[in-house]
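Residue numbering begins at 1 within each chain, and the chains themselves are lettered A, B, C and D in the order written.
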Amino acid sequence: MGDRMPLVMEITDVVTETPRIRTLFFSDSIPFSPGQFVMVWVPGVDEIPMALSSPRSISVLPVGDATRTLCAMREGDRIGIRGPFGNGFRVQGQTLAVAGGIGTAPLLPLALGGKVTTFLLGAATAPELAFRAPLSCATTLHVATDDGSEGHHGMVTALLDELVLEVYDHICVCGPEPMMHRVLQVLAEKGLEGRGQFSLHRYMKCGIGVCGSCSIDPSGQRVCREGPVFTGDQLLDSELGRYVRDGSGVRRRFD
Amino acid sequence: MGDRMPLVMEITDVVTETPRIRTLFFSDSIPFSPGQFVMVWVPGVDEIPMALSSPRSISVLPVGDATRTLCAMREGDRIGIRGPFGNGFRVQGQTLAVAGGIGTAPLLPLALGGKVTTFLLGAATAPELAFRAPLSCATTLHVATDDGSEGHHGMVTALLDELVLEVYDHICVCGPEPMMHRVLQVLAEKGLEGRGQFSLHRYMKCGIGVCGSCSIDPSGQRVCREGPVFTGDQLLDSELGRYVRDGSGVRRRFD
Amino acid sequence: MIRLVPGTVSLGGVEMANHLVLAAGILGTTGSSIRRVLEAGAGAAVTKSIGPVASAGHPGPCVVELGDGLLNAMGLPNPSREFGTELASLKGLPVVASVFGGTPEEFRKVASWFRDRVAGFELNLSCPHAEGYGAAIGTDPGTVEECTRAVASLGLPTWVKLTPNVTDLPVIGQAAQRGGATAVVAVNTVRAMRISTELRLPVLGNRYGGLSGRAIFPIAVRCVYELYESVEIPVIGVGGIATAEDVIEMMMAGASAVQIGSAVRENPGIFREIAGELYRPGGVSPEEIVGCAHG
Amino acid sequence: MIRLVPGTVSLGGVEMANHLVLAAGILGTTGSSIRRVLEAGAGAAVTKSIGPVASAGHPGPCVVELGDGLLNAMGLPNPSREFGTELASLKGLPVVASVFGGTPEEFRKVASWFRDRVAGFELNLSCPHAEGYGAAIGTDPGTVEECTRAVASLGLPTWVKLTPNVTDLPVIGQAAQRGGATAVVAVNTVRAMRISTELRLPVLGNRYGGLSGRAIFPIAVRCVYELYESVEIPVIGVGGIATAEDVIEMMMAGASAVQIGSAVRENPGIFREIAGELYRPGGVSPEEIVGCAHG
């Protein structure tokens, strides 16, 4: 096994998905399964985890230094990529996807691969509904916005009540933590938590399972290695929806 | 590729070949081609090059510390083995072997493998004729002794005059340097040097081609790596028969 | 292969279920991940190194995966005193808190936060890529002695982790011993660097980092061998260990126990696997093995 | 990959056909093997280290082949003054004599034997496994400076080869610079050991040895990077180099040229192969590359 230095790639194209989210296409394809992520080296700034939104793209929401730098990148700029890492979604049969905001990114390649029957897409407001067009071609798309500017007025989780969840073999979820937590509760109430697959966002330093900064309670599982996708039964009575650890390891509660 | 630590083996049997030469059999077989050698670790003493006289034996003439310690070993004693190293003999068709003293060791497995048509065996005196019995079964054996106590009285090289050398596709030689040098001269006179294969003994420290202590002049070839077997044409006008370097690299002339 | 007779191990005052300890900084950040490793067969566990102030460490990249090792510059990310929350659930388990500071007082302060919750301390005097901490102070015998004394004064078993990046390791080991260390741990990572030729930049955010894993095993064996000849307290061997055979080799060099770090990444179950190979009823006594290569 | 524009290289006063130099102690024992390596494309060659008295070096085993490197303890075997015979046939070729001694006077004496036959000297102040020689004296800045001065006084280009087994490499590099070195060479092997668990003995006859090859590449890159920031004279990078890409990485760390050792074992033609990949008409100027990772 040789060295695995970060693969340096040129940005070939930047697509404006929503007023805030940018998709960065890069020069080489990365073989991956939907749900897997890469560590993206933003030279001079930091290295951060990002889902692959396609074999040759990441889709970024600017929230801090590294993501903002990425969103400001142009054709010809260069980034380093390590990975792909993690397990990804594992589906067959009927699959429901539930996505909120930038959480749509890892679910997009699953849907475009024809693996998603029904797709529930949520965002704060209509213009922030990412990847709407491709998703509506590939799946049966239902939409919700917090401000009611499009689709259901309210949380995307409310759309769950309109579906017969039992028909889905898998329910794949990615989005803000409170949203994911709510989905887990709904599934648990129906005894369907085992069909849920939740892609977690946790602070990651190494991405390869050595540092432990992404471990979740109480299992001690590593989001970067045993995750980022966990089944609902793995997450019952876990830290999900209660707290995350920041870069120093201090717990930050959701309120 | 993993680490290649010396393989530690137990001596299973010690056979007295001649009053001086001992064959040490060890526990595991080493896949090899005749003419290849191993580095033998004599714990607490040194590590020295030794031809394999069979897949699980070396045959040793005591000349100094390490070889004397080896010859004094018994069943149950342990040695370390690295290798096999080097190129070995490459023969097909009719092969003549010319061996002197302990130089018979690398030629023995060639002969027992049915690859030698005619075998010329020399020693100082009759009791020192090593491996006589097995050789006489496997080949047409001709013998010479310096003191005339058996076979031809004189150098083994004299036996060459009685043969039609042209019928041999290969002439494989191992023995004291002056003897090998004489054989090369005989072959060169007949323009047959290209058919000669000479197994050289040179001082070896690493055995793997890195230290350079076994390099021969003027080619700079490494006896441990490009050798120990060289064809006669590679050795014309070389140091063969003129000098060897000792452990420090100082040239010692043959007189 | 040589097998050892199973049994508990007392190592510089820490009671452990076997000779295999989780190394500092590997899955040692949370109570639950430490518990996971203990449940997976580690005889004891050292926590992530904890310091006087909470920090997220160096900017990334923090790690480069090499064919034969790992290069990292985490930069000692740690929750500082908050780490007590993580330790709360581990009380009574063989957990050793790794601590660091910039002065003897800081070392003592940090250690004192956790004194009621751990089986002992390990001083990180050896991280090769943190300004003003770790190896920056672990290369001076006087400072090593004082820091050790400050922590040892708390009355718990005190291990001192050493850096291989020094001219004379025995001198540092002896300083730790004078300061009251109950064991020395050798080694932390070897200072190293890789450069991205495309970006013309060192890959690590911190530029410099520390090499661990297979590549440093022969260096770690050498360090343990040197220390075994120069200190009286037990030596704990760490660096590149991945198999039961490696454990035996490290013990023959002089290690009374070993720590495993990088190899846990691929396989958190490695402790159980190694223990399964290493121990056999009727096996050799560890006393016969430890240091036996010194002849 | 980045390609360099081809051309001769002047390195601390030694004129070389390219940036690729044979490292000391590898096939450098005889005139004909040095000639062979030069004919195989090396830009220059450093000889085996030659000392004040002829010696066969340490008893074997002298080498352990590891998956990712080589561990050796040759013990500086050398023919001493007799080496002049070997050099005789190499006059005018870019051959640098590696010399060692126990004192500045010995260094100077040994070097003076060969002053008319070589293009320059390299001081071996760094062999990690020879009592009283090499690293045994190469860790003290004062001694390094004096030995360097003694050899530099002969008026030939003077390279000083450094050991990575020190706490503070820049300090040693600066000592060499003060002594008149025209270049520093980093690094010699890393002190290491392996043990045969069956025989319960260190494998090397000398017990301790030096690690070279792939395993030490990240350590060597780090050392070169450190030196580039602390000395004004050119740095020559050595340790684990096996490909053109490695050469570029080492140059970006700050190496004005490189030496190749262990990789020659499998492939004495490696110099030509690397050069074939490294150079292209119209390539980048080496000046642009050397040290560019210091940003």
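Assume contacts are C-beta pairs under 8 Å (C-beta built on N, C-alpha and C of every residue); 3 or more make two chains touch, one makes a residue touch a chain.
Owing to the predicted nature of the structure, the values given are computational and were not obtained by experimental measurement.
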| item | value |
| --- | --- |
| Separation of chain B from chain C, taking each centre as the mean of its C-alpha atoms, in whole Å | 51 |
| Chain A and chain C, separation of their C-alpha mean positions in angstrom | 35 |
| Centre distance in Å when chain A and chain B are each reduced to the mean of their C-alpha atoms | 68 |
| Residue list for chain C, restricted to those that touch at least two other chains | 66-67, 194, 201 |
| Touch-based graph of the chains, sorted into line, ring, star, complete or other | line |
| Complete list of chain pairs which touch one another | A-C, B-D, C-D |
| Partner chain B, residues of chain D touching it in the complex | 25-37, 48, 54-57, 59-67, 70, 72, 74, 77-80, 82-83, 85-86, 194, 196, 198-199, 201, 203, 205, 261-262, 264-266 |
| Touch list for chain C against partner chain D, complex | 1-2, 66-69, 71, 139, 165-168, 190-195, 197, 200-202, 207-208, 211, 214-216, 218-219, 221-222, 225, 245, 248-249, 252-253, 292-293, 295 |
| Parts of chain A lying in touch with chain C, wherever the complex brings them together | 1-6, 8, 39, 41, 43-48, 78, 80, 82, 205-213, 215-222, 225, 245-251 |
